[in-house]
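What follows is chain A paired twice: with chain B in the first complex and chain C in the second.
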Partner chain A sequence: MSEELLTEAQQTAAAEALVEVNGLKTYYDTGGLLGSQPVKAVDGVDFSIGRGETLGLVGESGCGKTTLGRTLVQLETATDGEVLFDGRDVTTLSGDELKKWRRDAQIVFQDPESSLNSRMTVGEIIREPLDVHGWPNFSVAVADPQGRSASLSGDGTLTRADEQADITVSIGGGSPTVDVRDTLPMDDSDVDASITERESSVAVSVSVTTAKSRLRRARVRELLETVGLREEHYYRYPHQFSGGQRQRVGIARALALEPEFVVLDEPVSALDVSVQAKVLNLLDDLQDRFGLTYLFIAHDLSVVRHICDRVAVMYLGHIMEIGETEELFRNPKNPYTYSLLSAIPDTDPSATRERVTLRGTPPSPRDPPSGCPFSTRCPVKIRPAEFEDVDEDIWEGIELLREILREREQRDRGLRERAKQLLGLETGFDDIHDVVEEVFTSEPTAGENQPADDGSEEMDDEQRLAAALSEVPPGVRTHVETAVELIEEDKEPQAHRLLTEEFESVCGKEPPEHHPVSETGRTSYCHRHRPEYDEPEPVFEHLLDQD
Partner chain B sequence: MSMYSTALIDRSEPPLLTVENLQTSFFTDKETIRAVDAISFDVHRGETVGIVGESGSGKSVTARSIMGLIDSPGRVVGGSVRFRDGDTVERLAEQYPDRTIDIEALRTEHDVADCIERLLDQGVSPARLTGREESRAGIDPVELVREDVVTMRSLVEDGFTDQLGITEEDAFVVRDTDGGYVDTTRASEDAFRKLRGQGIAMIFQDPLTSLNPVYTVGNQIKEAIRLHQGLRGNAAHEEAIRLLEAVSIPDAHRRVGEYPHEFSGGMRQRAVIAMALACKPELLICDEPTTALDVTIQAQILELLTEIQAERDLSIVFITHDMGVIAEISDQVNVMYAGELVEKAPVDELFDAPKHPYTQGLLESIPGRHPEDDRLRTIEGDVPTPNEQPTFCRFAPRCPEAFDACEAVHPENVDVSEDAQTHTAACLLYPEELSTADTVDRHRSLGETRDADRGDHDE
Partner chain C sequence: MSETTDVLPFTQRLRSNPRPALLWVGVLLVLLALEAGAIASVAVTIVSGLAGAVASGAAAVVGGPVVPSIGGAIDAALTSAGQVANGLPTLLSRDAIPNQGYQTPDGAWHGTFLGLEPKHAWLLRVVVVYAYMFGLLWWCWRGYRLYVRHYRFADWTPRDDVVDRLRTHRWGQFGLVVVLLFVGMALFAPAISPMTAEQNLYNAAQHDIEYYDADSESVEKMSAFDANLASASRGAGSVNVNPWQYDDFGRFHPFGTMTNPGQDLFTFMAYGARVSLAIGLIAIGVSIVMAAGLSMLTAYYKGVIDLAVVFVSDSIQSLPGILLLLLVSATFQNHWFGQIYNGGLLLALTFGVVYWPGLWRAVRGPALQVAEQEWVDAAKSYGQRSATTMRKHMLPYTVSYLLIYGSMSLGGVIIGVSGLSFLGLGINPPIPEWGRAIATGQDYVTTPAWHISLLPGLLIVIVVTGFNALGDGIRDAMDPESEGEDADAGATAAGGGA
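Entry: the complex of A and B
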């Protein structure tokens, strides 16, 4: 996107936000027998989307991006926080108000296979929202040069001041003239209007001569054409279409009620690249034509880079970084964004780029880390000052050991296991020596079948532990040894706590803040932006140089 | 060079896997779908060969044909897949002595020149025998043998010995002094069971389909270890833990006792890779192994595969629709379209200078190749179903460069290399140095020779 367009998008964003999200949280409370923790799918996000803007929302699966999208269109109930749509909080809407608002906010789902009813024809599918919402609900404006108050009878309702009217009745000598909005599938002649003028008011009676069902059919045909399908597709079934065409049907359905805001939930993820390009072009055209505002959810970063004005990067229910697309892609500030971008396969095989490969998978949103959500995987996590110089591999080992302890503590145990543990039959941790050995000795070669080192069989646990920790500096070793002793005494939580106290830094202890990181208002959620620490980028470079 | 590939590939050795004119069709009441239509490629030891194409292009069917996993109504109808792994050949030759051809024995029993004479008498065209233009009269069998144009090996490989009745038609193991091969297209189901896993292993897109939900992951890996390495009890358990550690699953001691549903998507795929490694394969076929995974996890898996490849000198056939993944992991790339191989090139060359209009279009439609463009470039139309004899270019209806001859002449793979590397494309625009009329003639005559070559396959 060119500089010019960027600043333009910025200005509109600053000038007028269509959607504003403040402190939004969506938890799934599974309840359950033992009153478990809720799943914190969206855990406090703030952002806004300007009118006519496309905001991209990216992240790994399970990070809460789909939940966030669904909460914005009120398919999920927000646990806390507000979603302002044109300044109005829609999380509190209900009944008729909510139904009316839904016309303005629509969603396109990822999988056209499952989001289209296979027993309905394409025409019926696209027509369904029209039927449900009783479309067309004509809004009538009365243009009276004398500015008298108007009352209306017959089809339609009077417009509010800020709305665009479907039918405009102009009064001025003799019979009134009628003007129908261009986008409706009917002519001026399809509307009969009569007026009764009084001193201070005008009574207008409007009747539409075309049947609603005919109008709806006409509207569906028009929509089919809008999304690049043909009129004769009206009577076909979804299975007769290819993936790309089905996604077009989904888009037509979302557009049927002329929404202002559309959530696109991975609309092209299931499509081949050549089909994907066509659908992306279509979405682009539709935005220009109807002035739509998009929230574009995707995990494919190259698609996001192409279509979005701004991007929000999500991880475990939090927005890690949000800002202008091109700037964010060129110069990511947040360690997670940096790692995510580094993982995209490059279509240029000659590029020699160093890659940051993240270890492990995101933690469960049921029990997120207490500090920064990314702290369990962050390659540039801040270390406590006294361990600044510990060797990279050994530090990695400590992190891994803590991760294993944490995971074992969290895991769901079957009833049998729990009973066994209560009876003292199983400690759940009788292999701590194996674990320490695995964590601190350099990786076993994924190679040929080397029988386990002959000597190791004869070594007892103490010796194995000593051997595994031989390289570890004493300052670290004492803590690990104490932890092992605690575990042997079945005091796993204490051992875990000990390691956390000794080795945890600010990253795992307190949540970071959203620091502004550029002049365009980009923010990043990371402790490293605080003045007392090094910025993430040089640390990454240092890390990659070592490899 | 792609980001990961560091291993040196010895191309002077015969390739580990040779796929030649492989043809797989699906027979339905309505039509015959030629899902894989005469494709050929090689895989060398330690090499990663990528197969890329859109859905419906036949990439998965290719993989399944190599593995013998084509179910009715599908059938491998022609071509051969030769797997040249010494151990596998010996193992299978021992188990199937009746279905093994010993070329050395044939050489002592039969005279090659004599065989040629008999074949010529049976009406086999000299061109088919020698692979070069030759007339019936000017041909001297003794001369051909002395010049090594025709050998016993080549007679066996081309199926002529079957025709002469000196070998069994259902033989699929071929032994020779310098190693032999197994022709998997002829192997029986029980022989395949011995070949799969040990020899050729496969990883699928969805790891859950390869894992049994009611057994622990460790159990399933141990099963593979028991079947293929003969280890039992504690030794198998230890080996399973070691394999899980080898595929970088943390806390393998606990994980080995967990069920597939307790694993995350990336970890499941790792477990499947561990199962494949338990069989110690020479060739690993990966059918979209990272498509269902997030990019960060995809990066982990790609890295893991590269490590394993370097350590074990493993050959990999990597199938995906993602051009980015192909660029990162492959050494050699095959582009498939509607059942045919339309372009074949080393990875750098394919991305630098794609020749076939389809490859060009595919690369162009990736977002980000032309950041200055507001609109993405697209390919008009959809992938057709290959249900006819290829007497024309299947891409012609969508091709921006198509001309009249494209509808009438089938393009053959021709050399389009810019330097010494092998780069071929099946398009009437090439070879570039010839005039259009000449290239059309070239493709037509190549097609005729090929049809003659395959005479016995094309019914």
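Entry: the complex of A and C
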């Protein structure tokens, strides 16, 4: 793999980027009175979206993808980092500048029930952005063969001739000719232009004869048709529409101001499957027609594969892997992506990937793990060198025990628990021995245990512990036993810390880097791409073979 | 739905089919012309009331001699305007259907409408008044239907469902009718009282009445004050004019008379309704405006401002209302502000301040829920101003709650004002107030003069029930299911609390 080629590819991508996100963080202060930790919804992400590209953003619910999308359109305030839009940092915009920029970046919401004000007609809904921005604010270009400087009076603002202008006034021999951009709902004859020519300059006066409100209504009707609705829907209310139609209204509203960039926040997940494809096709058409750039947030991986050029996979506020869609789907590099994709049934019939089940639930974004965000659940987490040879099931048991302790510690932050602790009330384990027994008995022996109950009851705790740990190698065993003792003394945090110290690897200690994993500039956020460790994929295969 | 490419604006739609609208406006004008005098004089009264308030306010602030002279000029102008207004024809006036006169021994009535018995003349007037009022309202309703059928472009709006549901809601309609009867009583008090307020309540000594004296066998004149005194209800062992009876001077008392100085109870109640309604509306208006504004701010910005309002509203709610009212009336006793409307305005504002926390609490939840809707985010995403977002995208969803709770609280204010008057606070005599009628009659409840307390009490119960029923009706009409908003779900549960 050529390092140089990679950076070059990255550089060209960056040069064409419309949106560039650097170290973006969005934390919520939920305003708890006890000075609680903020929710780290987006915890440092970097990526860029090329002009005209569709970037998919996938992840489980609660991974921060919606917050990320909302931050990009400035519906949330970024805590740190920057969002460059055409090279300009939009997180620092405010007031009029921000309002002006909002024309360029729009969002389509997930729930068509909630995204349209049900007391307004569809026409009013789509028209509102136009009203807010005083649309149309005509840009006028003056095409003068002699290249004199031009001044403008009347409607509109002057732009350079090389930009795509709403009204182009061409000077040349006698009266000027007017050309109105095709996408505007008016004819050339609706504009009167007159010029006063001087030696070195030309004064142009433009007046639009059609009333603004009429233009706006015409624009709304045009938008209705653009999104596949009919003109006469103008005076209907959202309740009179189906979910798919409502989502089309939402799309029309987002397009009203001719944005360059649109965040699609799970735009089809609330719709019937039969309607989903139609709306997706519409979005595809609109992108081609207007050269839009999309951030497509989704839950459904097959939809993403269908529509996106590149995909970013998000977990707990971080982007775990980002790269070209097809490549990423065929050959996921990051352990999280690998697990996620294994969950969708035969995306690729030729691949014989087995399903990876993840243990536990994602940790709270209030208190993410240090190191790799996926380290609490990763099936191929790197082990410390000295435990390389420990039996798979036993290692799994240790991870599980740590996970249990971790979850309990998080729960302990609850107010009630804290109060109880302060009052010296019992908050400890019901029976740590049960847990250890459960965790370290390799086969699911719960069923077998039942009939043997009367026998085991006679065993005291010590014996049960010894039995459970009988197969655990001594190097591991001593630590587990110490931890159990600490727990029995009601020192759970210490026990947790001990286990972490002894068994934690680089995964839980240091945050990984975004390693380039293919020629196309795909990166993966995982330590396993470092030369000293095995790549995730063979480890997965080995793991799945064992089962 | 028409095939037009550009929808015509309302005026053009009107122009293309003017017949129904013209007919409707024509009838409306005829209806209004019948009451031209009353409408004009109401306008003049409002203007002069405002001018008076401004003048007294200015006098209090400036204190110079300049103000009275200007005030005098304005006053003169208004008086002449008032005279002009009084000259205009008015259907619903006592002059059109007089009910006071005397009966000669041959049984004939003189001075009454068509020689009718005063009872019948009065009844006729009441019926005409209410017929006119309901007719006018019905015509307005017809106008709305007309608009929907001929001129509105949308073939359906969410409001249609609300209207439909209200049309089948009997309990709500009952409430509406009671409220309208009450409002009519207040509005048309001069027309439906059997006696004028001047003659009966304020200035009886200056007015004479004519009656037929059987002893002297001639028509005699007498001061209304003496006549009232002679016909006052005083309970056991004395004269009593009970409901639906004539007194000795040929005057009909639909609700009987009160105790000394013997006012006509119906007249007292009709004018008292004005006081109650005015105070109620001002108080609820103030609290609705405050609750609406604050609920928008707290729901939109949340956080600190929400906490601050919670704190303030809790503080207000923890104060005993009566104490606050006492405090305020004592403070403003000799202040010009405390004199406006005989202390009524002060009372109304105080009630407004006392009631807004409850109202705000009631709409806080729904407002917060609306603020969570994605259309509010959408408005932000294209740069809509916060104030406009609140007004356009949030306020319409809380207005229904405000109406519901406002309607229900209005009953509370009426009870409150009456309660204060019962205690001898609040509105001072001789301004009529229902609570005072109850207070003056309470010693006679077990005597033949039972009506003095009982009738006003009953009326209060009915009116308050009416307002509550109307609130129920509005609430059910804004049915959460068909509106498709979760925001409404909270209303039904919280509805009874106000």
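Criterion: the second predicted complex is superposed on the first by the 496 of 547 C-alpha atoms of A that agree within 3 Å, B and C clash if a C-alpha of one lies under 4 Å from a C-alpha of the other, contacts with A are read in each partner's own complex, and residues count from 1 in each chain.
In the analysis below, a contact is a pair of C-beta atoms (placed from the backbone, for glycine too) under 8 Å apart; a residue touches a chain by one contact, two chains touch by 3 or more.
All figures in this text were calculated on a predicted structure; none of them were measured in a lab.
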{"item": "Partner chain(s) touched by A:Asp111 [first = chain B, second = chain C, both, neither]", "value": "second"}
{"item": "First, second, both or neither for A:Leu358, with chain B first and chain C second", "value": "first"}
{"item": "First (chain B), second (chain C), both or neither touched by A:Glu481", "value": "neither"}
{"item": "Contacts of A:Val303 with chain B and chain C, given as first, second, both or neither", "value": "first"}
{"item": "Touching partner for A:Glu471 - first (chain B), second (chain C), both, neither", "value": "neither"}
{"item": "Contacts of A:Glu537 with chain B and chain C, given as first, second, both or neither", "value": "neither"}
{"item": "Partner chain(s) touched by A:Asp272 [first = chain B, second = chain C, both, neither]", "value": "first"}
{"item": "Superposed model, chain A: greater residue contact from chain B or chain C", "value": "B"}
{"item": "Interface residues of chain A shared between complexes with chain B and chain C", "value": "none"}
{"item": "In the complex with chain B, residue positions of chain A that touch it", "value": "60-61, 242-244, 272-278, 280-281, 284, 299, 301-303, 305-307, 339-340, 342-353, 355, 357-358, 360-361, 400, 403-404, 407-408, 411, 431, 434-435, 438, 443-449, 452"}
{"item": "Residues of chain C defined as touching chain A within the complex", "value": "1-3, 5-7, 153-158, 303, 373-375, 377-385, 392-393, 396-397, 483-485"}
{"item": "Residues of chain A touching chain C in the complex", "value": "31, 70, 73-75, 98-99, 102-103, 106-107, 109-111, 113-121, 128-129, 132-133, 214, 217-218, 221, 231-232, 234-237, 239-240, 250, 253, 256-257"}
{"item": "Touch list for chain B against partner chain A, complex", "value": "1-3, 54-55, 229, 238-239, 242, 245-248, 250-254, 262, 264-267, 277, 280, 294-300, 302-304, 307-308, 311-312, 321-325, 327-328, 347-348, 351-352, 361-363, 365-369, 371, 374-379, 382"}
